[in-house]
Each structure stands twice: as C-alpha cells, then as structure tokens.
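Chain naming follows the written order as A, B, C, D, E and F, and within any one chain the residues start at number 1.
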Amino acid sequence: MTRITVVNPNTSAELTAAITTAAQAVAPLGVEIHGAQPDVGVPSVESHTEEQFAAVGVLELVRRHDAVTDAFVVACFGDTGVAAAREVASGPVIGMTEAALQTACLVAERFAVITLPPRTAAHSHRVVHALGLGHRCVVSAVDTGVADLLDGSTHLLETFATAAWAAREQDGAEAIVLGCAGLADLVEPLSETVGMPVIDGVAAAVGLASSLLAMGVGTSRAQTFAPMTVPALRLAEGIA
Amino acid sequence: MTRITVVNPNTSAELTAAITTAAQAVAPLGVEIHGAQPDVGVPSVESHTEEQFAAVGVLELVRRHDAVTDAFVVACFGDTGVAAAREVASGPVIGMTEAALQTACLVAERFAVITLPPRTAAHSHRVVHALGLGHRCVVSAVDTGVADLLDGSTHLLETFATAAWAAREQDGAEAIVLGCAGLADLVEPLSETVGMPVIDGVAAAVGLASSLLAMGVGTSRAQTFAPMTVPALRLAEGIA
Amino acid sequence: MTRITVVNPNTSAELTAAITTAAQAVAPLGVEIHGAQPDVGVPSVESHTEEQFAAVGVLELVRRHDAVTDAFVVACFGDTGVAAAREVASGPVIGMTEAALQTACLVAERFAVITLPPRTAAHSHRVVHALGLGHRCVVSAVDTGVADLLDGSTHLLETFATAAWAAREQDGAEAIVLGCAGLADLVEPLSETVGMPVIDGVAAAVGLASSLLAMGVGTSRAQTFAPMTVPALRLAEGIA
Amino acid sequence: MTRITVVNPNTSAELTAAITTAAQAVAPLGVEIHGAQPDVGVPSVESHTEEQFAAVGVLELVRRHDAVTDAFVVACFGDTGVAAAREVASGPVIGMTEAALQTACLVAERFAVITLPPRTAAHSHRVVHALGLGHRCVVSAVDTGVADLLDGSTHLLETFATAAWAAREQDGAEAIVLGCAGLADLVEPLSETVGMPVIDGVAAAVGLASSLLAMGVGTSRAQTFAPMTVPALRLAEGIA
Amino acid sequence: MTRITVVNPNTSAELTAAITTAAQAVAPLGVEIHGAQPDVGVPSVESHTEEQFAAVGVLELVRRHDAVTDAFVVACFGDTGVAAAREVASGPVIGMTEAALQTACLVAERFAVITLPPRTAAHSHRVVHALGLGHRCVVSAVDTGVADLLDGSTHLLETFATAAWAAREQDGAEAIVLGCAGLADLVEPLSETVGMPVIDGVAAAVGLASSLLAMGVGTSRAQTFAPMTVPALRLAEGIA
Amino acid sequence: MTRITVVNPNTSAELTAAITTAAQAVAPLGVEIHGAQPDVGVPSVESHTEEQFAAVGVLELVRRHDAVTDAFVVACFGDTGVAAAREVASGPVIGMTEAALQTACLVAERFAVITLPPRTAAHSHRVVHALGLGHRCVVSAVDTGVADLLDGSTHLLETFATAAWAAREQDGAEAIVLGCAGLADLVEPLSETVGMPVIDGVAAAVGLASSLLAMGVGTSRAQTFAPMTVPALRLAEGIA
C-alpha cells in the first residue's frame, strides 16, 4: 500500500476532512490518502503573512509524517512551503497550484484561475509566473474569505460561474482552476453550469504524486533540493 | 476497467511493443494499456516532414480506437498530432513531451531534454516554448537515429550520461527528460549513473491520463478543442 | 523569370484562384505567380485536425512543383506544413502568417490579428508566440467560417471593422492582420474604413519570398531544415 | 531623525553587526540604522527550509520594531519574508536582492549575481524572474557556506574574482551583485580587482528605503499588501 | 556637498524650475540639486522625433555640467539619451522612467503608468520592456499635451484619477507612476484621491542617484558604457 | 519608377557608396536605389552617443529626400532613428536590423548576430528584444571598428567564420546576421565558408521596403507614428 499525506497548512480540521475526502475520491487503487494539519498555526491562509506561518506548519508535518509517507500533497493555493518540503521529504512533494495549472494545460489552450480572497491574486500569479504560464492563464478572484468555505462551497456556485463566464468572454479561458483548497464540491456543479472543465488542485496533485511514485521518480537531490533536516524549532502560541 | 491507448505514430511494431511494455509497468491498478501504430506511415519521426505524416496516423488511430479507449497517449517526442487528437478523441489526449516536461518541473528547478537526432532539437524547443518553460529547461541532443533504438537503448548509456553531465555542469540541470519514445530502458541505468531523476514521457503521460480519468476532467470543448470528425481520408502508399 | 508557387492547402480551386490573383497584383516584375491546391484533402482549414491533412497536401504540392518553383508561399493562416516544407523545397518557403506578422511590425507598434472562425485563435497564437510577438500583437476572431469567403469577403467589412475598432480601443492596435487567406479584397475597404494599415499575409509572403530570391538567401541546411525527401505516401479518399 | 531597521533573518549577532556597520556607512545624513536579528531561528539561510524559519523571524522583528522604525531592510539574499513584511510594517520594506538587482540595472546592461552556496542559486533566480530580469542577469555561485563569512569575506576575493571574470567572458556581465549579506567588505577589493561595479544589496536597500521615506511613498494598501497583523505565534526551540 | 544635475531635455525653463523644486524637496541632506535645460532644442518631447533632438540636448548638457556634477538625472519620461549619457558622464546617470518603475516594484505587485499624450505610450512600453516589467505594469494615457502642464498639473487631477481607477479595476494596478516630468504637484492630491501610492520619477531618480553616490557605485566601464567623448557638434536653429 | 533612399547615418561617403551598390544588386526591377549620408555628423556609429547624433542625421535626410522618396532604409545596425523617421517620412521606413532579424526567422530556427565592435552588442540586443526574438537569436561580436570596413570587409572573413562556427556549436545558430552596414561583400564568402545563410540587413530592408510599396501598406498613422514635422534644427560643427 502506498500512502500520500495531504498536508492542510492551516489548523482547520474541518477543512482537512473535506480535502481528504475529495482526495480519496480520486486516488488510484492501492494509494491510501491521509490528511493532516498543524496543531499550532493559522486558521486560514489569505495573506503572505499567513503563508509564512503555514509554511512552517508544512515542514513540521513533513517531519512528523515522513517516515510513513510515500509522497506529500500540499493543499494550499500558492503552494506555500513546497520548495522547502522538497528538501525535507524523502518522497515527492506536489503543490496543489502547480498540479492544477499543469492539468489545465492538458485540456485547454487558455484557462483561468478563480481564487479568493482578491488580495491573494498575487500568490496565484507567483506560481503561474514560476511555471511560465503567463501567456495561457489569467487570474481572477471572488470576494469571499476562506472561513466562508468551512461548511462547503456550493453556495458560491453563482459567484464562481459569473467569474468563469467573464474569463471565457474576456480572456478566452476554456477551463477553470479553483484557486483554493476546500472547493472540491464546486467541481461538478460549476463544470455543469459553465460547460468547461473545472480543476481542483488537490485532486490533480494526488494524481501527479501517484504517478511519480509509480514511475519511481523522486525529487532531484542534485542541487536545489539536496536533503535538509528541519531545524529543531516549532511554532508556539503567544508573542515572543 | 479503464483503457488507455498508447499511440506510436510511426509504423514500427517493435517500438510499439517496447513502449507498451514500459507503459504497462507504471499504469495504476485498473488501467489497461493498449498499444497501436498506423498501418501506413513513416518508420520513424526524425523531421518535421515525418511529423506531418505521423500526425495523420495519430488521427487515424484515434478514430479507430476511440470507441474502446478512455484516454490516449501520443508516444512521439514533439507531441505531433496531439492538438488535433484532442478535437477528435472522446477522452483526454496526452503528449509524451508535455507530460515529461511537467513531471520534470515537479522534481527539479532546472532540467534538460536530451533528444535525438540533433535536427529534432527544434521540435523539443517548440513544446518547451508552448509550455513557457524556456527559463527552466535546456535542450541538447545526441547524434543517433531512431533506428538505433529498435533493439533497446542501453548501449547509449554512456552517450546520454555525457550529455546529462554537460547539462548539469553548464546549465544547472537537475533532472533529465529522455527526448524520444523507446528509451524507457535507459531510465534506471542513466538515473543511477548520473544521480539525477530521469523521466520517460510515455510513463509520465500514462500517469497524467490516468489522473485525468480519475478526476473526470476531459478536454475542454469550449472553443479550441470543440469536437471534430476526422475527414474521410487515409494515407496510402505511392505517390499521387 | 522567377516563379513563386502559392500553395493553397485546401482543395478549393475558387480560393486558389482568388489568392493567386491577389498575389499576382503585388508580385515584383520578373516574378511569376502560380497557384496550386491539393487534389485530395480538406475543403477548408478551421481546426487542428484539418491542419494536419492540409499539411500533407502542402508537402505533396511542394514535391510536385519543386522542380519548376523558386520559392513557395503557404497560403493558410497558421502556417500549416511550413516547417516541413522548408525541409523538402529546394528554395525558400514562407508562411502567410509569419509574413503578415513581420510586416505589421514594420508599420505599427502594436497590432491585431482578426482571424476566423473563433476556434482557430489558438492557431494564430501559436505563430505569434513562436515569433515572440506576444507583447505587440493581440488576436481576435469573427464568427464566420471559411465557406463564407468563397464568393469574396467584402460582405464582412462591417464585422471586421467592428473587431478592428475594438482592438484599437482596448489593446492599442494600430494595424490589422487579416487572419485568413482569401480576404485580400477586404484590404482596401477595411483600411479605408478603419484608417489603419490592413495586411494580407499572402501578399506579404510573396514580397518576402521575392526578396529572399533576390538576395540569394535560402533555407539553412545546417540542422533543423536539413534536406528531406517526402515519403512515398499520399492522401486517398475513404477510411482506412 | 529617520530610522531604518536592518533585519538580519538569521540568529548570528556577528553578521548583524557587520551588516549594520556597512549599512551605516552609506546611510544619508539624518537616517539612523538599527540592526536586529531574531532570538530564536536559524544560524544561516542556505536552503528553502531555512528561508521559511527565517521569514517567521523577519515578521517577529517587524512586529517588535515597527513602532520605532520608519522603514525596514531585509538582509538576506532571496528576500525571504519581504512580501509578508510589507503587509505588516507601517513603512516601506526593501529586500536586499531586489535592491541590488535594480541598482545593477542602473549601471550595467548585463550583470551577474554571484551567490553562495550553489544550492541557493534557485533563490536568486526566483527574485530575478519576479523582477523580469532574466534577459539581463545571470546567476552563478561559489562553493562556500555562510559560516565562512562570519569573520569577514576578503579571503574569498580570488574565488569571487574568478567567478566574476567568467561571467564577464561567457555572459557579457558588466557588473557584479554580491549574492549574500555580510559580503560588504568584498565590494571595494573585488571592484578594484575585476574593474566592474560591485553591488552590496544591503547598502542598495538602505538607499532605496531612504529615498522612499524622503518621497513619502509607502507600501500600497490597495490589495496585495493590505495591512495584516502578525498572528500571535512565535518560534520556540525544540520539536513539536 | 554633492551635486546632482537634473537635466530637462526640452527648452522650457518653466518646466526646469518646477522639476528642480520638486527634486530639491526630496534630496537627502548634503545633496544639492541643480536644474538645466538646453539652449537650443524642442519645447517639449511628445514624439520619437522630438526625443531624438532632446537626446542631443541631454548630451550637450552632460558635457557642459559634467565637471561640476556628481550624478545626472534625466527628467523626461521615456529616458531619452540616458544610455548615451552613461557613456559620457563621469558619474551615474538615472532616467526618471526607470527610477519610477523600479520604485513602483517596491511598493506594489502591479502598477500602472499614466502618461501623456497618448501617442507616447510606446515610449513607456519601451522602458517597461527593457526592464522586463511587462508582467507587472500596464501603460495608459490621458489626452493632454505637455504644454498643458506649464502652469502646474493639478487641474488634471480628475482626469488622472479616472485613469488610475480604471487601471485599478481592469488591471489590478496598486500604484500609479506619473508618466511625464512636471507632474510632481499631482503626487499628493492624486494619492489622496485614489488611495494608492503615486510616484514621480524625478524624485525617485534623485533618490537613486544619491544612493549610488553614497555607495560609490558608478556606471560600469566594462563594455557597453565604456567612456565616450561627445562629438564636437551642436544643435543650431534653422534647416540645413 | 519607385525610389528607395538608403540612409547611411554616418558621414562616410565611401560607406554610402558601398551600401548603395549592394542595395542596387538586390532591388527589384522598377525600384531605384539612392544613397545619402548627412553633411554634418559622426564618421561612424559605435556607441549610444554616436547613435544619438546619427539619428538626427537620419531625420535631416528624411526631411530632405521625402518628396522624392517612396520608402527609406536606415543602414545602421541598431536602427537608430527609425521610429522617429516613421513619424516624419511619407512612406515606409525600414531599419536594417529588424529586416535582417525577420529574414533570419524565415530561413533558420535559431541564428546569430555577429556585430562590431563588442561595445555595441547592447544595440543589437535592444532590437532583438523589441522584436521578441531572444529565444531564437544570440548576439556575438568581433573586435574590430567600423573604420576597418571602409576598404571592404573580406579581410575579416576568418574572424567572422570563427564567430559563426562558435555560434553554431554553442548556441545552435543556423544562420548568420551581419551586424553592421558595409559588410555586404562578406555575404558570399562567409556563406560559402560556414555553410549557413548569411544575411545583410540593408539588402533585406530593400526587399521589405519594396514589398510594402507593392502592397500599398504604409506606416500606421493611428497613434504612435502619427505624422510629425522635423523641428527647424540642424547639427552644426563646434561646441555650443
């Protein structure tokens, strides 16, 4: 049995549960999905500041689960901590953003990320630019916070559909990338509503991680991602 | 049972067999691999000219196998015919080149394609550029023809290793993409020799295709890849 | 006397005639224009699928006419088969798309392609991107098929003018590239209507081909376009 | 009196002292430089993993010093934590990397970063790419660790000179950016040795921060960097 | 005492006075600002043609003032003559456009140039592109001539505010670069009106020039900007 | 009869004669070539400083010859003054650099500029970048001055051949662009020696200008190149 640990970088166990369920639904036979979130950290990632604390949580979780994990998926749009996690994890590490963007390239010529809240558009642009996809991907945002997703996201269907149609009309988008973890329940209704493929990055990342494991292709240790040990530090509550 | 048809765009049944075996080795449980090559076409693809005839073969094979195929993998470095095949196939279509390049992005910051023969470097550049990966990927080539691979490629180990080390030294490459179908038997020895991940695009494409099927994400029909029927034309031998 | 063969990749003799007449109107003294289309092939090129069959027709025509042709012009927006034709033809080969885009660069800082039908916008983007002109060129499309051009295109004047004005207003376009062969009769009225240069790629390609011949500059045989023979294959009607 | 706090993201007080001295040497009249490093954190930043812990230290220091600081300079090549610090600090925040790269653009057409150790080249590429300077800047590295700089860096003169000449010869570099804090004592001897401007990013950042303060231009609050409070979390020693 | 000469490339002494005053307001202690304009030249720079004559004026002024000048600032949006002035001046030369764009990068993720008149948008694009900032900066224009600024620019507040809001809404701009010298009196009211940082390039350039002087970093003489003497030529009135 | 005026921006009548002869050799029937150089100006263009004076000469010549000229070719690598000349000339204006680069794209996948002297490499990069060809073109230089070309350039054959082979070997160049006017006599021997197409930009520009005239496509007047009158200013000898 192969195990993929899906790391939710925020502290919300509800979100971990939702993400894990969605990941399990697409995991290949023989691949077991395990979800985890940090004990200490931020309740959601909606800013660069929160990203920094979340990244430390990612590393903490990788340290804790590495011995029993074949590959990690980082379930935070913006892929916080992924490069660092590649240095630390024994197996492959996939960010949900890179996974979603790569998947979109395979089914559409041009596509759109719809992220939330608007202030995080720069986080999406960062990954789009690192992958060189500025000529094929536009980023838009809906004015909602992550807190609004804790009980599911289907109430946002109309908001997302409006953004998707705008991206179709104005930018020629032919597929939609959901720009946040925890939106998996939007995939089906949004896809049906707008008539375009809708991609959840966590599901996409599970597929990529499984594929890397099947091929036996791991993180290159040649230079950038040569192995590192996580420093003996932890996040604690309270102000220094 | 899910079926992926791996399309070998040249007419070599030996190459189809080798590719199919390699693809089967990485296919997830529940995914069946079927290989096919055109009856009429070119024995290998080592030029733009041969690409054009091979692409017609790809379309012919997609037409013929679509009813019993869940997803197609096109096993020719350069991804000839893939965009067209997306218009024609009912399910997803993945090119081995795009699959390999995306995979390399997940395990290395910079990487190199080693293709063959040298005149096809432009074919690699075309896909690298379409994916926006010019800042992360270099293309080099070894001076060998496809005919030289029909009985396996392990005799090319040293040649590939030399090219890999050069890419490591001069361009900071941290992973190697094998720039031709039928090189799967090089993955393991080359990886061991050079100490870097080595990626076979066919295996990578099988993983991506399986993942798309698991997610239920298909080719966007919104515009570029709206459905087409293959014209009632075929390649025949002889000159018009 | 110098001869340029203008290859119409689809099977419409009416379109060949229109294209040839337009090409003759701009040919330098001493340059003779000859038009040709494949016997077997697709009636129009409005998808990647049709592009693939059309490209085989281009190669067939190059083979047939090479002995009596000094340079070829490929008259299909998207430049299908051009790279392959460069391997096969003895003299230079110019695509109408690359010719039009280069010409626009000489008379305008920013410009727009107006192509048709909308699903082929990706074909234009492909050439724009290969030439590195994404920072100077936008692509828009009008919702018409090639069949609608067989009796001339002046009935589309208003449609094109509306698209041209939109490109001027929203994207700062200062010149218009007609994104299809067979639109030459729109050049003059559209230019007058919108007050911007309007460029027909076939005419532009004839100029470039003539210029290459006058300079004695031919296709480089150094690597990518080293000579190839067209395989002894032909398109035939019917399904394999 | 205006105060700029130079944040050393690692815990080395020696390095803070060296950096602060160098910063003071270039500060405009009326600008006071104050150096600081985190109490708890990593001794040096030579990997993505260490960057993540260092970034939390940056935020901690910004929180602690914000009330008495007009602008912050982050003294770590790679600009770890800078985007987050912009959300948190009342005044401007400048990274030493962006400052150095911008400065190089003002005195040279092409230039080179010489960073250390080699595994951090990707950190430099990240900032170069974010600023769009891939066409003007190359990144090379010397095989030394940060620990080797604690007693000054002049013993590395020859190593850096060799790298600088190679960048001059092979890539047309006309100026050198020192790719690490704590190398300020190399500026003068290296510049004299290689006959090119040599840029220390901390000095450059102090100039930019002073300039922003003089103009009254602060971080935009319009969207990406809208104000954030640092979460009530701290780094503690030990493993969770 | 350090002296920066602010070169106004057009012949308007009123504009020189306004620019100099604004520059003095932000100069660090110990830095003296001196303004100058050519005796013979163009009254304003609103075209490529005027740029060419203005550039000769820049060189004439650099020759005349070099002996008593530590650094030059060229106060014309588009940075006409800056590369040439770098070859001629003993000290650093900073263009207001590059200074403004770099400054914007430090306080905003995306930003907009608002220039005038519209025909000069291409001048802004030229500098944006040379700095590689096409992915972060959009250029818009207001329909006003430079003559309209001679008595100050606050009457243009509403016009600029409208353009700024449009850039915010449509392109995600978070800061505004004023695309002309002589708009410094707009900085404060526009910033207040639109709630975004507003950047005057002359002020930014004074800061950068002061910073280079404080660091002792001058123009690289390695290749592109190796020293040149201005030819013994001058602009005279009348037609040759 | 159609007249193209080839503007030599430096004052060397010998160079004008050489350029004009070469241009006449490739002009289409019915196109008359007329060469001209400024009375007052710089003897050669080997720096940004000289470019600025040369550009004023270009404008002077355009003013003087416009009434009897159908199109202009600017014969200076770097295309100094071309954008301005487009505002002033009634007919099209073509720079030899843009013409050469575009031509190279039609016969080679990758190519190299070999310019002189080395300090002007940045001038070539400027045009390469403006045309978006950084992914297909490298720039190298030979260490020779323009003065060395006044009696012909065939003595430089070996020097250029060495540079061409290096570009072929290291960068995959398949064609060579001669990076200076007055090198036309190198085209044939260099092409024979290195076995690659060699392109003289003046010849290429004559072809493009002829082609634009044949098509009736002129400079767009929509915005950037709206008509301008050259100011009543001239270059005079002596220092102001």
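Please note the rule applied: a contact is a pair of C-beta atoms (placed from the backbone, for glycine too) under 8 Å apart; a residue touches a chain by one contact, two chains touch by 3 or more.
Heads up on the chains, UniProt names are A, B, C, D, E, F = Hydantoin racemase.
Quick caveat, the model's predicted, so the values are computed rather than measured.
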Neighbouring chains shared between chain C and chain D, ordered by label: A, B, E, F
Centroid comparison with chain B (C-alpha atoms), farthest chain: E
Cα-centroid distance, chain B relative to chain F, in whole angstrom: 43
Cα-centroid distance, chain A relative to chain B, in whole angstrom: 27
Residues within chain A bordering two or more other chains: 86, 109-110, 121-122, 129, 134-135, 172, 223-224
Contact pairs between chains, per stated definition: A-B, A-C, A-D, A-E, B-C, B-D, B-F, C-E, C-F, D-E, D-F, E-F
Complex contacts: residues of chain F adjacent to chain E: 39-42, 47-53, 55-56, 59-60, 63-64, 81, 83-84, 86-88, 118-119, 121-122, 126, 129-130, 223-224, 226, 228, 230-240
Residues of chain B touching chain D in the complex: 109-110, 135, 172
In the complex with chain D, residue positions of chain E that touch it: 26-31, 86, 92, 94, 98, 102-103, 105-111, 131-136, 168, 172-175, 195-200, 203-204, 206-208, 210-212, 214-215, 217-225
Chain F residues touching chain D - in the complex, by the definition given at the top: 121-122, 125, 129, 134
